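Below are structures written as structure tokens.
Common to both upcoming complexes is chain A, partnered first by chain B, then by chain C.
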Partner chain A sequence: MIFKVAWRNIWRSRIRSIIVLSSIAIGIWAGLVIIGFSFGMNNERTSAAIGATLGHSQAHHRAFIEDPQPNAMLSEAIIKELETTLDAQNFVTGYAKRTVLQGMVASPKKTRATRIIGVNAEAERKVTTIPNYMVEGDFFESKTRKGVVISEKLAQKMGLSMRKKLVLTFQDHRGIIHKATFRVSGMYRTLNSAWDELNLYVQQDDIEKIVGGSLIHEVLISYDKSEDTEQKTKAIVSQIKEPTVITSWKENSPELGFADDMMGIMLVLVLGIIMLALLFGIINNMLMAVLERRRELGMLMAVGMNKRKVFLMILLETLMLGFVAGPTGIVLGDVTVRAMMRIGLDLSTKKDGLAELGVGSVIYPEIVPEYYLIIAIMVVTTALIAALFPAYKALKLNPVTAIRGN
Partner chain B sequence: MSKAVIEVKGLHKIYEGAVPVKAVNGIDLVISEGEFTALKGPSGCGKTTLLNLLGGLDQPNSGSIIIDDTDITGLSDNELIDFRLHHIGFVFQAYNLIPVLSATENVSFIMLLQNRSKDERMERAHQLLEAVGLAGKEDKRPGELSGGQQQRVAVARALASKPKFVLADEPTANLDSESTSKLLEIMLQLNKQENMTFIFATHDNRVIAKAKRVVGISDGRIVSDTSK
Partner chain C sequence: MKKVLLLLFIFFYSSLFAQDALAILKKSEAYLRGAQSTAEISITTVRPSWERTMTAKLWNKGAEMSCILITGPKRDAGTVFMKNGENVWNFVPAIKKLIALPAALVQNWMGTDISNDALINAGSLTVDYTPSIIASEVVSGQDCWVLELLPKPDAPVVWGKVIAFIDKASYIQLGGEFYDEDNFLITEMQASELTQFDGRRLPKAVKMIPAENPESYTIIRYISVDFTTPIPDSFFMKSNIKNIK
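Showing the complex of A and B:
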């Protein structure tokens, strides 16, 4: 019957209770939508970066990681071994061997430092999504000799356009400096403008002809799914021996990995702030409820309702608010997120700003089940904490003065 | 002579303040089982204070109140709540009932606090509401009942816990004369049928007229004590 009393008491000041219930529900709803979009945005950014530039993991010579010199390359024997290992893992969907050289790019107007990535276009297509980011020309489909794919951004900075010539200068593994002329055969634009400015692509064949031999510094590896990349990477690492080093995308892009790790903390913080606001709302509501009913509570204590039960009743009333509003908010949030998953949130007017963040213009939220539990626990905890002070106030009522009514 | 349910000796209650008020100033009183007693006196003479002391709602400065072999002046707050639940029935001037519960539920509630079984609660609530003339109104909430009907539910509630006695502070103060006589009639009947002891604080002459014993109080002392 204490349940019944608590439940009916909630509906005594209907409007006030509805206001509190809605604020709890709206708070939870907002929390879920924020979580959904944060995860959606983050995952999109991450998978775009993995697809375009990072791969799920990468293999290098240890010396290359310490200092990316041209001679820190993976020998043929090492590559053979690596290929055997990768072929044996069924989650590895592809890998691409690359030449990576630090050098200079010169146009008639300007000279800049650059990173020259020598690729095998076919292998690259299986591993990265760079071909999807072409804005002009193609990604070595036409196999033009001495073609170069540069970013739109670099083209602007260097005053280059399609079919224009540029000169690449780089050192090979023996320390010989080469100077070669290439022609712009394609232009790309990824979501990562910092990457775009630095990196350009040439065909491995052309590099081999210039330096007179194969030169592999990096193997980009892609997995079937983005889930459990850490475990999958570990599985490969356990099969690999020195001097080869396998690093996951989180290690290769610490800032992306950091954002990924921080997001959880940030979201709990956001939820915490929402809960704090709710806390005061609930305390205020329950305090009013106790003060309004002080005669009745005094009477109940006078006729023999002990303090434990009075405390429990107020606690129960507060918890019930949470139990009604909590699921409502969760359902509303869930429905909203699911609807937005289909429609997406079109932020094309803010496109440039988002591109800087490495995100596309339409954002799709994601459902993250563990946050439903976290929110549920937070709401119950908040309701419990919010109940304590009003319940304590109720206990402090003196039946004699409460009944007398002053 | 029947058994004593309350024995009060040398009771004093002083309200501290700029001018300390000796609200109860040396009272000795014995209430026996089955009495129907009114405490009368002018406003401010200390009736409510005395009743609150008898009911264990307030602590005296000195003196003893022995109920059922227990001196309740020596009990802690929590013990007092429990003692009230099992030994004393209360009818206040107003705010007796829980507004969100029906008449039956209000009467059952106190028995629930006593951990009585559902069957017993339902049966006794039904029987008591019938006794106070509210058969057919069991499911009405206090807001749907008249002031007199509410007070009758309160009387039923007071008896539901099977107390040793019922304390009623101005139970008729808010009632018209018809409701007052009806309520008194019911209480007298319960007094006769269940041998329930009633103690009122009142300055309502209609109540005083019906009382079997009238204790006059003035300035915190007993000044008269007449039984019919």
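Showing the complex of A and C:
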């Protein structure tokens, strides 16, 4: 009975109700799009970083993590052991052994500090996506001796181009300084320009020839899927002995891990702000509805409707608005995000800024179903809270003065 | 037959010439360095809007051992760079720590236009380049050989070509031009104010000018040079780095 009355009451003032309905729906729609967008951006950033530079996890000597000195390398015995462990795990799709040296790169124009990564091109291709980020030349496919792959950004800063000469200076594990000439055989550009500026790739063979021995500081490990990386890493860690240390991508890139962890909290905050705005909209609307119907409410009370029922009626009116608007907003948001997922959001005008963040210029939002329920609960709660004050106002009406009017 | 003879002649002649150029270069380097030396220098970095002067003490023995102690400004005073053979160390008194090379290598040396490269590999001209005499020229009143130095294949140098001006009378290098691989002039070196130091004539001022930005240059000035006081080998030991004053 009271449901029916409440429902009819809503549709008595159609325009106002539609405005409230649509403001709730738009609020939810906006929330969903923001969530989809943020998740899309974050996931892209994370997977790009994992693919290009981080790997799902990395193995180092404990000393290397404390201070990346050239003598903090993984011995052959340790690597053998590590390889057996990794080969036994079916989720490990590949691993790449690398030489990592802090050094200096010099061109006629400039000298800069750099991180020299000695790679085995074939193993690297199985683990990282750097070869996909080449803008010129290739990633050691054409077997050039003493080739170096630098980033486009570094090339610009140092006034270098393809086939140009540069001199690398670095210290080996015995503390001896080596200088060697390399020629630019490829240029890459990842989404992370900060990384680009610091890191360059050479072939491990060349380093070994210069140093006179093998030097492995880092093993980059990639998994079949990006899900459950923490558990997978733990599975490897449990089988590894000191001094080898395995760290997941979240540990290797704290800022990315932090962004990933903070994402949920940030989004709930954003949604909270949207809901707060909705709250006042609904309060305003319902208060109007109550004050407009003073005579009618007074009459209902006079003919014997008790206070509890009046209160309930107002509450129900608000909740119904929420229940209609909520699903509408969710459906709208879902459809929009799905459409955007297919097309992508082109932000090429903000390309450079996005590159600093490690994100591409076209963003593909993502659907995150877990948030639908959260949003639904938030909307209902907001509607309930918003209804309290108008309902209370209705309670306070004196039937006699209310019927008299004005 | 005549042709062969001519070819042989050209071959011998040119190799003789090259040998000559190498001898000149070697003599020039030996002269500048001496067997050993202790010097006080000042390095002034000039930029359009500011300039900064740094003073330092330099010890040198042979091609393998050298040491630099910064004596001013106060902020950097006490910093030591030491090279012995392949090893380079940097001692920073503020943190009382010995830093192995790479950290010390970051960027140009102490904010000057001198690259660390020059610091560590000073004297590699004869090792890394093949010299030849290309002309004679008068530079700041002195009759000079103009040597063209081309890097040997695989030599770890960034330059594509170096032109050196060496005084015929004293074997002092009075000028240098550093070109990249595309033959663009990148840096120019000018030595001037030939002065007598401890029985030897040396240029008192050496100016390094980047070709693209001639307003921003660095001048190195010799305040005093001592070629006679002997320096023991143990001076250039890692363990001695904290005692250098």
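Just so it is clear, the second predicted complex is superposed on the first by the 405 of 406 C-alpha atoms of A that agree within 3 Å, B and C clash if a C-alpha of one lies under 4 Å from a C-alpha of the other, contacts with A are read in each partner's own complex, and residues count from 1 in each chain.
As a working rule, a contact is a pair of C-beta atoms (placed from the backbone, for glycine too) under 8 Å apart; a residue touches a chain by one contact, two chains touch by 3 or more.
Since the structure is predicted, the reported quantities are computational estimates derived from the model, not experimental observations.
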item: Superposition on chain A - do chain B and chain C clash or fit; value: fit
item: Partner chain(s) touched by A:Ala63 [first = chain B, second = chain C, both, neither]; value: neither
item: Superposed model, angle subtended at chain A by chain C and chain B (C-alpha, nearest 10 degrees); value: 150
item: Touching partner for A:Ile176 - first (chain B), second (chain C), both, neither; value: second
item: Contacts of A:Gly103 with chain B and chain C, given as first, second, both or neither; value: second
item: Touched partner set for A:Ala113, first chain B, second chain C, both or neither; value: second
item: Partner chain(s) touched by A:Ile374 [first = chain B, second = chain C, both, neither]; value: neither
item: Chain B versus chain C as contact partner of A:Ala123, first or second or both or neither; value: neither
item: Smallest separation in angstrom, by C-alpha atoms, between chain B and chain C in the superposition; value: 81
item: Residues of chain C defined as touching chain A within the complex; value: 86-88, 100-103, 105-108, 115-117, 120-121, 154-160, 178-181, 186-187
item: Chain A - residues contacting chain B, complex; value: 1, 4-5, 8-9, 12, 295-296, 298-307, 309, 399-400, 403, 405
item: Chain C contact footprint on chain A (complex, rising order); value: 69, 101-104, 106-109, 111-113, 159, 164-167, 169-171, 175-177, 179-181
item: Footprint of chain A on chain B - complex, ascending; value: 52, 55, 57-58, 78, 81-82, 84-86, 90, 92, 95-96, 98-101, 105, 108-110, 112-114, 157, 161
